[in-house]
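Chain nomenclature is as follows: A, B, C, D and E, assigned in order of appearance, with residue numbering initiated at 1 for each chain independently.
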Amino acid sequence: MAVVDAGAALRGNLVSRLRVGNPAAVVAFAVLGTILTLGIVVPFVAGSGDVAQEYDGLLPPSFDHPFGTDRFGRDVFLRCMAAARIDIALGLAVAVAVLLVGSLIGAVSATFGRGVDAVVMRATDVLLAFPGVVLALVITASLGKNPWYAAIAVVIAFIPLLVRLARSKALEVRSADYIAAARLSGASTWQIATRHVLPNSFKYPFVQSTLVASWAILDFAALSFLGVGVQPPDAEWGAMIAEGVGDNLLGSWWPSFFPGLMILLTAASFQVIGDWLDRRLR
Amino acid sequence: MLRTTGKRAGVALVSILGVAVLTFFITQLLPGDPARIAAGQYASEEQVADVRAKYGLDQSVPAQFAQYMGDFFRMDLGTSIRTDQPVRDELTSRLPATLELGLTALLIAVLLGVGLGVTAAVHRYRIGDRLVQVFVVLASATAVFWIALVAITTLVNGWGIFTSPTGRLPRGFAPPEHVTGLYVVDALLAGDPATAGAALRTLLLPALLLGVLASPSIVKIVRSATIRALESDFARTSRSFGYPARSILFQDGLRNSLLPVITNVGLVAGFVLAGGDVIIEQLFAWPGIGGYAYSSLQENDLFALRGYVIAIGVAYVLINTVLEFVYGWVDPRVNLAEGS
Amino acid sequence: MSLLTVRGLSIQTRTGVSLVRDLSLDVGAGEVVGIVGESGSGKTMTALSLLGLLPDGVHVSAGEAELEGRRFLDGPRMLARPNATMIFQNPTAALNPTMRIGAQLVRLLRFLDRSGTDGSAGRRRGDVRERAAALVSSVGIADPAAVLGRYPHQLSGGMNQRVMIAMAIAARPSLLVADEPTTGLDVTVQAQILDLIRATVAQHGIGVLFVSHDMGVIAQMCQRVAVMYDGEVREFAAVDDIYHRPGDAYTRELLASASDHPRPEEVADGTRAG
Amino acid sequence: GSGPASDDGTGGGDGGSAAVDELVVAYSQDIDTLDPHQFKTDAGYGVVGNIYGTLLQESYTDGGDGVLSYAGESAPYLAESATWDETQTTLTFELKEGQQFAGGEPVTAEDVVWSLQRALSDVGYVQAIGQWLNITDAATDIVATSDTTVELHVTHYSPLIEQFLAFQIFAIIDKSAVEAQAAADDPWGAGWLAAEATASGPYVVESRVPGQSMTLAKNPEFTATDLGDAPERIVVQSMPDPQQAFLALQNGAVDVIFGMTPDTAEALEQSDGLELYDLEYSLVAYVGFNYQDPVLQDVRVRQALSYLMPYDALREDVMKGYAGAAYGAVPYPMRDSLDETGEQVAYPTDVERAQELLAEAGYEPGELSLTLSVPASDESLSQSAVFIQSALRDGGVEVEVNEMSDADYNENLGSMQMFLDSWYSWGQDSVYQMFFLLTTGVFTNYTNFSNPEVDELVRQAMATADPDERRALSQRAQQVIIDEAPWAFLFTRDYLVGTREGVTGVTHANDANLRFDQLRVTN
Amino acid sequence: MELVLADIEVVYGKRTRNHAVRGVSLRVRRGETLAVVGESGSGKTTIAKVAAGLQKATSGTVAWQATGDGGVGGGPGGSPARRQRVHMVFQHPVQSLDPSWRIRRSVKEPLRYLGMADDEAERLVRRLIAEVGLDAQILDRYPREVSGGQAQRVAVARALVADPEIVILDEPTASLDQTVRGRILTLLADLQVRTGVGYLMITHDISSVRRLATRIAVMYRGLIVESGPAAAVLEDPRHPYTQALISAVPVADPRVRWDGVVALPRHPDGTLAVTSCPVPGSCHEHGPGLHEVGPDHVAGCTKAVDPQKAATT
């Protein structure tokens, strides 16, 4: 019937349009790839820029120091690149952890129904009700100052989101006709869960997790900005901005401007990739 | 209807209880000895012990928990270690500042979100839409503290468009008489437009920053809902009668796309209230509860921090419960009272 | 003199895919002309193009159409709004879910009053709500007040289709385009809706372009029928000719699939009696 | 409410010595409490010092440069006179006539006794300082002998007694007003005094915006001194960000910033229309080496680390020159300091010497790694940590920096391996300083330094009333401490006060506090 | 073998208590087609799900009974033994195929669970795909890459691949094009002849009933109001609802005049009125029980015994 055929035709159209090249996604991949490559290569070649007084303090951007130097006489570009490693790795780690834990809890909640589900739902309600940044601050304050602890805090803050998404999608899939068909074909509950429900509901949390990566980078930077992320002299974008606030207000804008720009570029790339995946996978 | 009301209230209550319990245990994790902080750096061990006893910190965790829950039901949030004042009073005296900032930001977020969302939907798949999408990506990828810093250096210090971030009123203005606690409103009530204007100018920059950064999710929702509505069968019906474009946009498009905004407002309120607020208040020396929470955390002020987390948690639950009601009331499809 | 004349209508997508090719047909006043055909053959696109309702990315690439002798469509350009209205498949979705039925009727009546396209400025008088009530009772709704106060989702599909028909008539069109107006409704409800359309044609003497894929419905509703296949009209003839002297292979297949001849005789091996 | 003020923000502050309408003073922290015995923030301290009067007051000399410097003695304040008896064991105060608290109650000897007893009670942490008054038992040694006479009975004379009684921790509070609010479990009315004040000083609290500001107005009941030229109103504004505070000063939103960071001070000096008051204090910044740590127990390691410190970079790049050298634990300009110029350095930066010492102690470059804890909120210290980390790495010592929240840091003082701290002793007294920081068993001895000779010298110095003997004892102890190197003596921090041009009357006080009533605006 | 549903009651929702099926009994045999017809919401799909074991009945039993042709007895609904006996073809063919599986995998699925070797399964799958008139290359496609008609054929192949006793067809052609619909119905009839499978066909399309059904059960508001041999029910409907239903089907021949629509009273919202029986003294509320009105033909209306009386309204 028309609905079905038009839909398929349209989808075919869209997919081919995406394949031909979604310019935004191409740019996003390029930006992310560049930052990541530089983040891996630059510290190898030029060091991670954590030596104080290597150069004069607060030199404005120039050919030698494309992003200038900070008050400690360190090269801001080198530090931005060293930070890229930490920030992107953390963003991805958080996304993966949130994706795995969130989908698992969500799927379990959807599968076991009633009691478990009610408990999980209330628990996510409660977690959602907590102010994210403050929750993360408290958790990091409790665990100690370490980027991985901050990452754990961010993971906890995002899990309810993914649990809900995974659960609702799993519920949606569970009531689909092809699940009924599989049951009639003789599939066990476990087989249905692993062969049908999971593969078909997973892509939504998966798409969402790219966005989570972007939010995680922002949140992690916020935590570092508030002083609970990394320890000096390790470079991290949020911490670099925090270090540069004073200089910025007093006229040296570069030590805090460029890390923020890096955050913006990275987070935006993840967002664009997320949107693109979303359209591609649906 | 009554049954669902009861159910929603029940769910809200359970959530609030959960918030209270979780808050206790999370703050329990905090390192350090609040009593030592309270007694001060120069206090002797005996004095610290006294303080510990005074705040009940010498009791077992279960006993502390029982005490805490009892206090919670009496709406007693304890006494701040730092200032020796009841936390509830400290929060309520700072709440209007946060509310004024938060509500203005929310208003900006909603107006901007709906405006841009509708614009994008009307120009869907064309350049206008693309531009809005770019805005959405940039705004949702911008770190609030960074853009605030950039804004302060350029807009305040560079060009002097906004007043210097020294609180809620620039120098030379006295707070208006307390009615709502919102300076702009109170000043207008008191017939003092000059103060209202000054308060607004001070408020505007932090509120704009928060509002703009909170708007992308609303833009996205409004855009897709409006597109769905404009491409819906009923919009086609309207077009088949030749209704003017405006009528179709408002009656068929906007009317239907505002519904999902209501649910989203809860999330945005969460961001504005808690996430961005702590940082923005910090950067703008805004005397609200966010800044209070941050310094409480710095000073390990256990009770103040607990009070704050509970206040935000409860506010969040209440906002969302109210929104659910509003949603049920606005959307005829979920309005059970009217079901045939 | 025919009411609607369509000549050489072609519809394309933006990417140049041809959806309808060189379609010509005409509808007389008081006549119901059917369009049948395979799914995706372009029936809906044809219907939508006549009211300028083609979706984004689809446009008329050639052809012209006249209504009551006035040219309103010339290739990609819509020269004027034809005095035509349309009813759709899935009537519940075709009504605004957030407005009560009454409000939607009032909105339409007010709009019609303002634009005065039906040339009856005198109708301004009278309470709009009363007129709305009169309108819904004219389509066989027994308790208009109750229906006006409801939202579309609180009414059955058949009831919503009646409301749609009431709205379509309110505009006093000379042509009514119906795109599978009864698909998805119960047969008993379908029968009533079809009755209502027939009565409306008889009462107002308007022409109807009736899209359906149900050979039974077409047989009972239409005087002439166009059979479409893959964007082209295969056959356009009187209904009796189509059903009894089909000139096209596809038409024959359609008829064969629609006839409810009993199970093949060779099956009767005793199991039937079970 | 009042209308908008003129752009320069001072209303009627035009010229001469006429009292200005309003001065806005920015502090980096919020006012936490108004209880003179409980405050923890500078702002709280500053406000308390100006709303409560004390028996005595530091006397100042006007240097003509806008700074009022401590004249070396205390003058009567709420007291008319303070007289020692023959044996120098009883100090008698005669109160000035007709003084009243802001609430209208008279200031009586009973209030004074109660206030001093409260200070020495366990309600706050002042009692740790109280022992420097040489009072054995506050309940019996502080007595009112008439409505206007109070006697202090002390074990022996000390110059610190009069000096300390001028500090706001010995504020005179209205006993009856507080007792009316006190509860059974709170006999000293701590809950009430935290937010309310019974002003006996030059200012009263007029209004407050929590978390933002407090407005003080001249106390109409105050008669102890002439307030004629004092500013009518002081707004104490909390501005957590030092750079923002500087910008606010620049654009006229505030008049005075108290406690500036070096970089804002530098920027301020370069701006027109602003004035920097750069006041030398014996506020010492040091790296403490914990004696309980096995590695740091070796004096060679401590000395080596001291030789590795980048003193110049710290003074020039972190402190931007607003710092002096710290020669030992009792730096210039503290009384009786070994260094009388503020330029001597105990362990100058000398990487070779350091490496020799490390080698002697058995550490080759790269073999030693240590943790340095630093309070994150102190910008100068946390910046210092970065330089120290880099310098020590150059010297072959790996340092992990541990930035901590104030609460966390304070909690762990005494148990951290190496820590960056800064300390200021009220009264700038060398014995007091060494007693608290470097004698055995005192809980503010965060390095757990324990040296019998130092303990004995300090004990003797505390017991003597003879200033010369006290100096000799103190200096001997100082030398021992330098040799032992329990700290790396980094630098002394100047006190930096920024004002707009024309603001004078900045007090260079022993308690490092501003006297708002002394502030003047001239143009 | 026959599938027997006895006194099935289904109530949806603990609180709302939507009584969707109210005491329905029916039986389906191998080789025959039982068509369940009725208006939207009358409980047809619910019955289908109960029969398939996808929905638990609130009360009543689902059982397998041996008929004369010597099958094995069956356990209660949902037991593994039953699974290979019943399969189902769904209303929306594309949605009944897992979107992330290739067609081959979906069709082979029942065989895999039966433990069949892969090459044998492959052969079987290819044979069935050919039998439903599809090219083997479709096996490598994903559901979104096939048309609705093709997907429905695939669904039929999957339903039949494990050689079930009975296939439940829930509106198998409702979402298909007219011509495709005809082809699918022909295919189903052919397959039944060849394999002897029994069909429980849920539909509201009378023309497919005419082509496929051997017996008809008419559902109305959760009850079966009439049932009997297809010819008898279609030619001589006794219950007023059945009469209305059959009269409402437009005849696909312009020469046959069609105007005998029996109008049934309705609520303002368009649903049939509770008192929709055109004969006063309505009975369906309490269920009058089914009355014998012909050979193997029962109707749930007291007046239906006398066809004259019931039809005149």
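By definition in this document, a contact is a pair of C-beta atoms (placed from the backbone, for glycine too) under 8 Å apart; a residue touches a chain by one contact, two chains touch by 3 or more.
Remember, it's a predicted structure, so these values are computed and weren't measured experimentally.
Chain centres here are C-alpha means, and the one lying farthest from chain C is D. The most central chain, judged by C-alpha centres against the centre of all protein C-alpha atoms, is B.
Across A-D and B-D, it is B-D that has more C-beta pairs touching.
In this assembly, E is the chain whose CA centroid lies farthest from the centroid of chain B.
Between chain B and chain D the centroid-to-centroid distance comes to 39 Å (mean Cα coordinates, whole Å). Mean C-alpha positions place chain C and chain E at a centre distance of 31 Å.
Note on chain placement: the centre of chain A and the centre of chain C lie 51 Å apart, centres being C-alpha means. Averaged Cα coordinates give chain A a centre that lies 50 Å from the centre of chain E. Along chain C, residues 39, 150, 154 each make contact with two or more other chains. In chain D, 241, 244, 247, 405, 408 are the positions where the chain touches two or more neighbouring chains simultaneously.
Counting partner chains per residue, chain A shows two or more touched chains at residues 1, 5, 141, 245, 248-249.
Taken in their complex, chain E has these residues touching chain A: 49, 52-54, 80, 83-84, 86-88, 90-92, 94-100, 106, 109-110, 113-114, 144-145, 147-148, 155, 158, 162, 175-177. The touching residues of chain E, when paired with chain C in their complex, are 29, 31-32, 39-40, 148, 177-183, 189, 192-193, 196, 204-207, 210-212, 214-215, 229, 244-245, 247-256, 258, 261, 263-264, 266, 268-271.
Residues of chain D touching chain A in their complex: 241-244, 246-247, 261, 263-264, 267, 313, 317, 376, 379, 382-383, 385-387, 389-391, 393, 400-405, 408. Interface residues of chain A, counted against chain E in their complex, comprise 1, 4-5, 8, 11, 176-178, 180-187, 191, 196, 199-200.
Chain contact summary for the complex, chain C toward chain E: residues 36, 38-39, 141-143, 146-147, 150, 154-160, 162, 186-192, 194-195, 213-217, 219-222, 239-240, 243-244, 250, 253-264, 266-267, 269, 271-274.
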